[in-house]
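Here come two complexes built around chain A, the first alongside chain B, the second alongside chain C.
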Partner chain A sequence: MTLTELELDALVEVFNVGVGQAASALSQLAGDTVRLNVPKVEMLTKQGVSSELTAQGAGRICAVKQEFSGVLNTEAVLMFPVQQSLQLVQMMVGDDVPLEQLGEMEQEALAEIGNILLNSVVSGVADVLKLRFEGSLPCVALGPVQDVLGAQGSLDDMVLSLQIDFAIDALEIQGFLVFMLDVESVASLKSTVRAFLESLS
Partner chain B sequence: MNAPLTPGCDCPPWSAWVLDHLQLGLLVLDAEQRVVFANRWFLQHTGLTAPALLQRQLDEVFEQLKGSAFLYSLTQAVASGFPTLLSQTLHPAPFPLYLSAAQRDQDKLLRQSIRIIPAGLSQVGSMDQRYTFIQITDVTQSVMRERLLKAQASKLKALANVDVLTGLGNRRLLDDSLPQLVRLVGKQGAALSLVMFDIDYFKQFNDTYGHLAGDDCLRQVAGVLRQVFRRPADLVVRFGGEELVAVLPETELDDALALANQVLQQVRDLAIVNAGSRVAKVVTLSAGVAVLQPGTASTPMNLLQQVDQVMYAAKSAGRNQVCWQPEAQ
Partner chain C sequence: MVYKLLIVDDSKVSRMMIRNKVSQLQPDWDVLEAGTGDEAVALVRAHGPDFITMDVNMPGISGFDAVAQIRAFDQHSRIAMLTANIQESSRARASDLNVTFVQKPATEPAIRQALDYFLAQS
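Showing the complex of A and B:
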């Protein structure tokens, strides 16, 4: 089972509401305007996401993971190429010194940034689609894309994948957010989005 | 002195004792965000008593929280129901927590890692209202440890660029710095001079007086270079065995030549006897100077080759002198 173009387009709108909230929270934290945009939403296999990231030269990634449960259960994984995650933390901290690696404290800062983004995105979805979720605290994972994504299940599993563009000052960073969904969760997502689309017409 | 747990609750007999001995701060807020519980760790580290906190909003008790990112996050967390993390890096110390009352007047705030956890949908059912708890971990030690590690890392990095024998920079430092200095010539429009020095008849010196004496001779010559090339931007390195190189940004040929001749003179003045020398009774140097003018294209490699060639020209011309090449091509 997968989602139609129309359903995915609707999700692009819904996700952009969520990242809008995240952008204002992150701007406040950075003391600078943070712009976020979700240009596309796709259904891909984990392998597909992994290939896309690897094609961009992101062998090793830094991920922030959170679980959400309710009508549908999902693990949300926000991923950045390691180099970009360093830039992101540096920008948010407002530090001039380039970071060489993510220490314990920088990882925690990244977890906070991811937490703000994931909570806002999922709240946005919950508000628009009239769903209720429970969430977990974020945790950080570092490693090759396959290892981070393939920790559970198989690489053939379908995921809902969002590209998220960050812009802070002159810096532009691309992140990927995937929602791991089991078959039942894809089905309930599909029926929720359909009901939403019908409510609009 | 602590807030009693909800009277008549069926919680286990040890729960109050456990909460009170947790080595982290714990606050419970009711649906109106009023404090209904603060554990002993939190009270001890804020120096407050339970009555000063209970039934009050956090920003009434802690003025500094008004308009803070912490309060914003708390409001967001309660509204969304999602657990929220506040990192030490982005919010070092939202609460006025100190190790002991004695340190209150010093700047010894504990570094804090904070988690805000609103009761989930499944728990709210068994509660009279939606509570939120705040967990505060003292991460001061981790912050100190990371700071120490970073300091050590930069120290090691600096050490990796030092020549152990002379205390000058080493070849690695030259290789790392020269490309940038060559690029700056075009950017700043100022000439870059390179001077390469070589100790004359050093092999004979070592054969005659032994390698330890040779090491000492090198150290003394290095001392002269350090003394002559002392502008902050000057870079002096041991290039190889008895070859030393000075890289002089914003320096024209005349000045570089004058400085090189000054080094040669001061080394002769050291009057280190070298019976193996055929040009003098004491240790002398040969030197080559190459200059990179703005507008000329060159690479660090070319520049080093040129300065090496002019230094050998000084050797061929009879040693104990400075040779130069006016412009690096």
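Showing the complex of A and C:
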């Protein structure tokens, strides 16, 4: 199952809407501008996704994973280099949590950041494609990127990968968002994107 | 006037953020917290809060299901869904349940939006 160039282009545009909403949420939290790259859409193995992310600097990461189900199922993963995790937590909670409690709040705060960003993207995508998704609860994982991505299924599984990297320059925070769709979901995605394209013409 | 607010969110961090902003804007209010929808329903029965901020995606029953249960015995509390799940389908559900919708993150403008809604018809 492959997507045509036009379908891939449509998919990038649709995800751009969702990512724009996530950027707006992140920018409100950070109080600063968020720089985003255009989503990259490819059919890859999970190992391939992992290698690409590692090459971009996502070695040891803290990740928030959430599964979204509906007409198509996707595993969404938000990743940050592990050394940035406390900085992110501080960005999230500001003065709302006393400094001495920051460490113990780390996982909770990361889960909430992931929940906000991943839901923002998925909500944008759902609205443009006129779909409905149910999200699982966010879970936090730490470790090398390939361990995090390979925790479910096999690293040889083919997935449709949508990768977006972003940065908050003033806070020196860099992050990666990956949406992985299994092969069965790619067929649903293809027909959904076709219907979307037809609605435009 | 002293109002009673119930914050419902499975994330402790999120509850802390909301509580902190509310106590800055309305220091006299009584603030209760619930970590699940079931707990929220029980607290509404026991304490009858004036206002409720409700997360959507929680373990156990969802925020929408909790609101439906609350509405079966309490028509008066004003409820704001405070969530990152801003899909059109969620907005439509909020509208059906006659509650407002405020987008997370729980920054001061978001909390102000919820409080303005609560106080507009009090």
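The rule is short, and it goes like this: the second predicted complex is superposed on the first by the 161 of 201 C-alpha atoms of A that agree within 3 Å, B and C clash if a C-alpha of one lies under 4 Å from a C-alpha of the other, contacts with A are read in each partner's own complex, and residues count from 1 in each chain.
As a working rule, a residue touches a chain if its C-beta (ideal position, glycine included) is under 8 Å from a C-beta of that chain, and two chains touch if they have at least 3 such contacts.
The structure presented is a predicted model; accordingly, all values stated were derived computationally and were not measured.
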item: Three-chain arrangement built on chain A, chain B and chain C clash or fit; value: clash
item: Touched partner set for A:R132, first chain B, second chain C, both or neither; value: both
item: First, second, both or neither for A:N115, with chain B first and chain C second; value: both
item: Contacts of A:L197 with chain B and chain C, given as first, second, both or neither; value: neither
item: Which superposed partner A:A151 touches (first chain B, second chain C, both, neither); value: neither
item: Which superposed partner A:L171 touches (first chain B, second chain C, both, neither); value: neither
item: Which superposed partner A:A25 touches (first chain B, second chain C, both, neither); value: both
item: Doubly contacted residues of chain A, that is, touched by chain B and again by chain C; value: 25, 28-29, 92-93, 105, 108-109, 111-112, 115-116, 119-120, 122-123, 132-133, 135, 137
item: Residues of chain C that touch chain A when the two form their complex; value: 10-14, 16-17, 20-21, 57-59, 83-90, 103-105, 107, 109
item: Complex contacts: residues of chain A adjacent to chain C; value: 21, 25, 28-29, 92-93, 95-97, 105, 108-109, 111-112, 115-120, 122-123, 126-127, 132-133, 135, 137
item: Chain A - residues contacting chain B, complex; value: 25, 28-29, 70, 89, 92-93, 103-106, 108-109, 111-112, 115-116, 119-120, 122-123, 132-138
item: Contact footprint of chain A on chain B as seen in their complex; value: 69, 72, 76-77, 79-90, 113, 115, 117, 120-122, 139, 142-143, 146, 149-150
